[in-house]
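Think of it as A, B and C in the order they're written, each chain with its own count starting at 1.
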Amino acid sequence: MSTFVLVHGSWHDGSAWKAVIQHLEVKGHDCFAPTIAGHGKGVNKNVNHAQCTQSIVDYIIDKDLTDIVLLGHSFAGTIIAKVAEAISDRIRRLIFFNAFVLNDGESLRNNIPPDSQALLDNLARESGNNTVVMPFELWREACLNDADLELAKFSYAQLSPEPYQPLIDKLDLKQFYSLPIPKSYLYCTEDNVLPQGEQWGWHPKMSNRLGLFRLVQMPGSHEVMFSNPIGLAEKIIVAGRD
Amino acid sequence: MSTFVLVHGSWHDGSAWKAVIQHLEVKGHDCFAPTIAGHGKGVNKNVNHAQCTQSIVDYIIDKDLTDIVLLGHSFAGTIIAKVAEAISDRIRRLIFFNAFVLNDGESLRNNIPPDSQALLDNLARESGNNTVVMPFELWREACLNDADLELAKFSYAQLSPEPYQPLIDKLDLKQFYSLPIPKSYLYCTEDNVLPQGEQWGWHPKMSNRLGLFRLVQMPGSHEVMFSNPIGLAEKIIVAGRD
Amino acid sequence: MSTFVLVHGSWHDGSAWKAVIQHLEVKGHDCFAPTIAGHGKGVNKNVNHAQCTQSIVDYIIDKDLTDIVLLGHSFAGTIIAKVAEAISDRIRRLIFFNAFVLNDGESLRNNIPPDSQALLDNLARESGNNTVVMPFELWREACLNDADLELAKFSYAQLSPEPYQPLIDKLDLKQFYSLPIPKSYLYCTEDNVLPQGEQWGWHPKMSNRLGLFRLVQMPGSHEVMFSNPIGLAEKIIVAGRD
């Protein structure tokens, strides 16, 4: 049995994993789903990437979690890479789940297409507090393309504005790329948040940066934790085992 | 419940959708499957792209169909784009189903590899009436790769020569690319009619031209309406809902 | 019913097909699984590509097998191409199963990424007898990514060192590319032995070299004969039928 620490992506908080965790626990695994600093409803959104990382490091140390399988979804791929640098001795395996794997010196923003960059830049500028609100049309069509409208609305109501600074901070990842921790990439094949294909798609562009890694695939959208939480839990187990 | 208008691809006529429609109707949807001008057996094949488009526009107006989900298969991706320009107010959503999405000013022929261009050019020249007969070997191996030989033969018998002019007409699509109609791309992952890959494949090359769109995928060949009509009907529902 | 000749890949011998053959025979097919010269435990590993090919040709002629569906896995894609040149009149169809399809004049080594070339070069040099031992970490993460650790260990115990010369021999394939034998490419979509993507991946890079071919896909790793032998057998039937 494994100890999973599941780190949510942008616009989410730890509650996004509720249904997934239910199933992982039925299968006998211990699960933790911290909320990244600056994320969730009604909190201070004035955070940078280092503070986001530190909040997850603190959570793991406070609970004294060891031998963990650390999973990061989407934006949280950038978080678990930095968490791994800080506390590599506590991590058994990393799972990048439709997640950003940045080259050394890059930001998340460097890894999205120019039109998405412009969209996020504009939304952040117009927000007045450097956050980005997810447009519903984008959520429904590109993030939850495998769900019905009701589930798209239900899950949308759980989102909160995303602090933009962590997405534009450039990360020093030299240490990450020297860590001998085993890595998996879990890829949902209908994820269309990034345009599929060699130039911008999650896989194989970002997955291949990991060097030797275990590839696990399943059908589903970027937000499959809502559209198919049991299927996702099963694949997390496959990605996370030795 | 939706009103589906399903537009067939090259070599077919509206009867190609028979089994798909049966299942969509069981699920409570209204379905229409017009035959494009110059298509089907025993008709005048001397048509251009504008006449093909007009025949579908006329069908929809004659039946006074509104709020429709308009699907185009293969070649018919070029038809529904032009139909959408003509009667956008009648269309709720467009579904491109393993379909051509042309850039403004292009023809279908511009979007197939040079050896396929040469093959079609030759067949059209040799026909004496500027039509193209589908070679059986191509049908069996590249179009119905997920079917058995019996089904490949059965479906082949329903084909008729394809008028070539609509495939070489270059289309003005500036208006199409400004239409705010929601769009889906339904992609069968074993479709090998166009060589898979970035250079010529259906998805993501042509799908990404749509801008924001809903991606829906399923296993199956280019002619999955024959090899798996029920599975296709289920995915059409997913692609077509709000 | 078909006569299948299944040719194993590197590090394997004919016993790799045991579970697959069991299922194919239940379905009424005749199956043969020769071991390539220089392969298997306790044999002379000093062979080149021509000798590997000849051993399969001899096997087929000795047993007087005709009208066969000849399948090659991985490295054996290079073998069945040369076998087809030698005895084309005995072959009904070729199946390339996550297999190398070399351009005329190339070696297998020319078709793997530089870091893999360097790894194999080093292992062969250090072996003292120009063979390559499969590293377990690579086997577990990249070859059997869809299996549990127990199955990865069980199957690893069946491997033996791979003679390196056949992987670096450059092949004259001009005759192969003129043969009219029907061809299928069977692709397991989680195969990560070659980095997925346009530059190095099995499909569509190598499959498209076949010209007209039947594409058959299934979920699974490079070693799906261990992780899902029944599923594989079913897809071999689809790939091999007329």
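To be clear about the criterion, a contact is a pair of C-beta atoms (placed from the backbone, for glycine too) under 8 Å apart; a residue touches a chain by one contact, two chains touch by 3 or more.
Quick caveat, the model's predicted, so the values are computed rather than measured.
Asker: Same or different for subunit A and subunit B, when you check if over half of the residue numbers at their contact belong to both copies?
Answerer: Since fewer than half of the residue numbers are used by both chains, the interface counts as different.
Asker: Subunit B and subunit C are the same sequence; what rotation (0 to 180°, nearest 5) superposes their CA atoms?
Answerer: C-alpha superposition angle, subunit B on subunit C: 120 degrees.
Asker: Where the centres are mean C-alpha positions, what is the separation of subunit A from subunit B, in Å?
Answerer: 37
Asker: Could you check subunit A for residues that touch two or more other chains and list them?
Answerer: Residues 198 of subunit A each touch two or more of the other chains.
Asker: Which stretch or stretches of subunit A touch subunit C in the complex?
Answerer: Subunit A residues touching subunit C: 182, 198, 203-205, 207-208, 212-217, 238, 241-242.
Asker: Touching subunit B in the complex: which residues of subunit A?
Answerer: 137-138, 141-142, 145-146, 148-149, 189-190, 192, 195-198, 201, 219
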